[in-house]
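Note that the chains are named A, B, C and D in the order they appear, and that numbering of residues resets to 1 at the start of each chain.
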């Protein structure tokens, strides 16, 4: 097993809004190993992006604030680092790409200049060295005519190409960890596949750990080594990808998998999990999925289930698999059918 | 951007005061005319010497208040032992008596140039460069003899040929200065002007110091017109002069050379003019070696006097300023009558004002004293004839004072047929008594005149529609005759002769016409004897006072503040401060 | 880009001709002329006609226009009636005094406005932002000559820190370095007042620009690159916030030479503003028209420069 | 296990279908939340009330001049003292407010309306419209404003236009002279926005140009328009007094804040009689501040990109 690169320990990130405090990230713990691709899956608003932004410490300070827990990167707690040290890490050891390629590049600077910036800043390269490295990076991310691209502006590129440039920027200082916040959501399927292939072969070449945030199970199946499922600010299940697809334990994960359309299987209506994501303000001590859960028991409504490890590396936070849960709910039906 | 634009627009805020400072306050050459002012508040003027007591009753506010204690003088002033700094509005830099136009260029030219004769305190003249003048019996030939020691500042003597050369410049076809040389009727001047003659037949150079001038027609002003000419050095100004083109002379405007008490050493446009005493001056070198004219504006000129940065300056006359300057202690404060008067013109050709009785009623019905008091406090007086009480031509014998008398005005209007209408406004054969009144803006008098006049005339039953306009716009309405009433001011010349009250006179703004007055002015112009002229003009003023072609408002004053350390001034409304600069000295 | 510039320069020719016609028509429509404006009490009708003939005012308007336009093309703007010397010489004498203080003010106000605008945007609704905003409104609500008077009263008269006015000390014919020092001493007060007047609105524009840009995604990317806060704000954010302000730069060029008529009078500064205003009052057509055309050319150039700068600053705009 | 068929009712009930709030209502709610903007609104309303209703309660007439009690400091019967003609300053400030407020707001509205539309059209159509409009703007900028104003003043008086009616011409003139700046600003913004993806989307939808400009492009320029409008008001108020000099606006003795301040143009008046210039100056300051606070509030409320703070 590779060495642990990042470890979230009971991370708490809350947002003060006019309606009350939103516990976007509520006691989240998981870790990412070197060279591993970990996917964080969940509906929008479940706190997956906030977790990533907390790692990068890019939370906009007036409403949001990291209130508790630790984020260890190579053993060091990032929350204790000074602003200067943190910014030295950002873009160097930890890099990030975002969902919206169209507006993520500065419209008034050339592509070459924006890619070279981290090289000049972090690695102290001279302009000549930086230019050569940038040309190399542009080719690496699969864009033809790098010299022309070097001098062109963001608005002259398509969405897919801009996302490739974002990746080039992220990989410029061979980061140990690449965070990708729904990198392909805004792109069409063909470009999506190219971007994912690109990320995969970069991971193999540079042994970069990838933290992929997505709500698309197809991407998870293709990319992930390990999967963490989040719901309403909490981690409800985590497991190696095959184990998760073969044997999803948490009813929410089962719902997610059932909702995935399967090629050449005609279905009248796609299954959709009933109900809505709960209002994030003061969720209280319960299993947040209880009002949408088919197997909801009394205990689910009153007590938050702990994240319990079962098989090797497979953890679930659901009363169905707890001693207490088993004792008072004998009549539980068979656990949902595993669907590939 | 938007702010910049409105900033630019807002800059016109100073419109009024700029107009006063150098715009409307232009003067013609001192000899013929004095400044006309529209909203003018700061033209230089003369102080009344002790004995020129104003006619009606001792006026404590007007006159000279000596500095009590010159020991209070601040350091900068005391440190200047060999120079004096005179505050002035920025001159145009036209230092040549033929072409200068603003009062401020006048002041500087009077120190650099001197002419054959010069003005005295009471408005009459005495010899300067000339030592005697002979006039032929038929009053048509004037022979001037120039002093032997009359020299230019470069040491060369002033000769008759220079006088002839200067007259040629005046008569040149491209002469565009303020004087009207052809009106002097010098024989041969028209031919020279037209270019048909190479010389002026009427002027003969008898010898180096004597020149005789013959005129085709003479009047009381002829001797003054011919004598006030400053002979320019032909050697200096004549280079490159060709008949019909004065540009070579104009190029020397900012590098003047003349026979006056001072010579110009440095001119920095818009900032200062440095002058040095001219050792070749025929009246002996001036006692103050260095003279500096420094540009000041009416926002800071008083402050500079108080801090000793300047020794002399013209300051706007109002109670605050006078009180402030007098309280300083080391300043002589001269409050003296301004050569000019404010008036409300009435369009005598307009049926409203054709009847003399109506015009008199309108004069009785306006509380002029209150307007003057509100605008200038004690520093201006209501007047009833178009002449300054300092002038020899002044008279107050049987002149109607038109004191404010509402009832008399009402009864006169009734007699004139203007009956009170239903809505309180008088009517006569169907026409309402409504007056359109225009005035220039930002002027202390207008701010007081409009509200008081509106109120007074309402009680009289007259509707007044007032508007403020640019001065030239008013003048254009006057020329078209498309006006009822407007407010403006006129400048007075030392000589009472004027075209303001002559039928169709160039300056007759009111369309007033009285053949008797025309005859009197014509006679006055021709009469050479001073006593007889006094009699003629007195009759003319009595008739004008009776006809009341316009509502004469006020004669205001100017204030000249001078640092007590400078002594030897002889200043009157006619003899401006710069005329006595050659005798002023710094008291040690 | 150069093709665009050439096209714009060519376009300036008809515009300038248009302006010259309109300006000339206005000068004809303005009531009164130089002769009436100088109100010489002894002006007789004949003398007035003579003078009008000399000045060429008696010719029909159209002919006057063509004479003026023809001369202007050869650089001869005619002689000023008042100053009795060529218009070009009058402008040359006074315009540089105005230029000096306007130029220093331009630099100061843009630098201050940029910093204050950025900070008050960054710490929006903070104490600093509120104080700055209130100060800006205060300065905008009072006419400029008011603030000028205030400055003279306190700094020059009461505290005696600065001279009360003028450009040089009277009688001191210093030269070289001493002259520059003397003029600099006299410049401080007028420049400070002019800067406070123009910095207000600029700050507001920079602040609005910054507020909009700070929340963009590419700022988040810049931070994700690990750049320090100053670079993020002053390099990435500021460059984009500059765009609206650049349009304002175009208006600065004529303002540099136009002269602040009012402040030059309050501070007795021998600038061109006063001379221009006097030329309008006195209907000194050659000077009035000459300087107006001079400003017109500067205005067109200013606008052209601001458009070019805009194209350079924002690559998204392709200047065809 | 509930039956699937009543799932739809459950969903509807859970969703509690709520009528979506119209954008203006959201903006109003956001505006109301912004304390500063509310304060600004209240002040402005108060100013209007004082200026339009105040004079009715004043014991003095408008043009009542009596030189006896001239230049009195604020005292019992003259709350804000008197000017050099003995007129009550409190009454004059209120009456002046009527003119200055209307002139300030109406003139700015005119210049904003013209400027924003022409700027947008120039920015959107680019080639021809842009050239023509911008050249007209250049000409407007290059024209010497002072001679034009003098001529207009003369024309108005020749046409015997009632002096009190001329205030409307004044607003028009200030508006017409003020639009160029905003036009250039809006144009440059539109040029940038025109290139962005969402405009290609409107092209795809085949929307009419006017909808594209006014519904899609203009809202993005709202911040710039608001800032320039709020700055414009102060300028318009002060410009009014200048135009009144030339007979284009207010004729003395009618007061306006602008001409009341300009009356105090000497150092002594400054020092000895502050009560003549402080009230009008203060009124302009308060009004301008209020308008700018409202401007800020509006911009934040209307700004679509503004996260819900």
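General observations
In this text, a contact is a pair of C-beta atoms (placed from the backbone, for glycine too) under 8 Å apart; a residue touches a chain by one contact, two chains touch by 3 or more.
Given the structure is predicted, the values throughout are model-derived calculations rather than measurements.
Among the chains, the centre nearest to the mean of all shown protein C-alpha atoms is found for C.
Between the chains B-C lie more C-beta contact pairs than between any other two chains.
Look at where the CA atoms of chain A average out and do the same for chain D: the two points lie 49 Å apart.
In this assembly, the C-alpha centroid of chain A lies 56 Å from the C-alpha centroid of chain C. Rounded to a whole number, the gap between the C-alpha centres of chain C and chain D is 24 angstrom. Residue positions of chain B touching 2 or more other chains, listed in rising order: 1-4, 7-8, 10, 12-13, 15, 17, 299-300, 303, 470, 472-473, 476. Shared interface positions of chain C, i.e. residues touching 2 or more other chains, are given as 30-31, 140, 143, 145, 149, 152, 157, 201, 247-248, 251, 277, 314, 316. Touching of two or more other chains is recorded for residues 146, 150, 154, 181, 184-185, 195, 231, 235, 238, 241, 262, 265, 267 of chain D.
Chain D makes touch with chain B in their complex at residues 63, 65, 67, 70, 84-85, 87, 111, 145-146, 149-150, 153-154, 157-158, 160, 162-163, 166, 177-178, 180-182, 184-185, 228, 231-232, 235-236, 238-239, 241-247, 251-253, 262-263, 265-269, 272.
Of all residues in chain B, only 1-4, 7-8, 10-15, 17-19, 22-24, 26, 28, 32-33, 36, 38, 80, 83, 85, 90, 92-94, 99, 101, 173-176, 178, 180, 182-183, 250-251, 253-254, 266, 268-272, 274, 290, 292, 294-297, 299-300, 303-304, 307, 309-310, 470-473, 475-476, 490-491, 493, 498-500, 506-507 touch chain C in the complex they form.
On chain D, the positions that touch chain C within their shared complex are 36, 127, 131, 134-135, 137-139, 141-144, 146-148, 150-151, 154, 181, 184-185, 187-189, 191-192, 195-196, 223-224, 227, 230-231, 234-235, 237-238, 241, 258, 261-262, 265, 267, 270-271, 277, 281, 284-285, 287-289, 292, 299, 303, 305-307. By the touch criterion stated above, chain C contacts chain B in their complex at residues 30-32, 36-48, 50-51, 54-55, 79, 81-85, 93-94, 97, 140, 143-145, 148-149, 152, 156-157, 164-168, 170-171, 173, 197-198, 200-201, 247-248, 251-252, 255, 258, 260-262, 265-266, 268, 270-271, 273-275, 277-278, 281-283.
Residues 56, 58, 83-84, 87-92, 95-96, 98, 100, 103-109, 117-118, 121-122, 153, 155, 166, 169 of chain A touch chain C in their complex.
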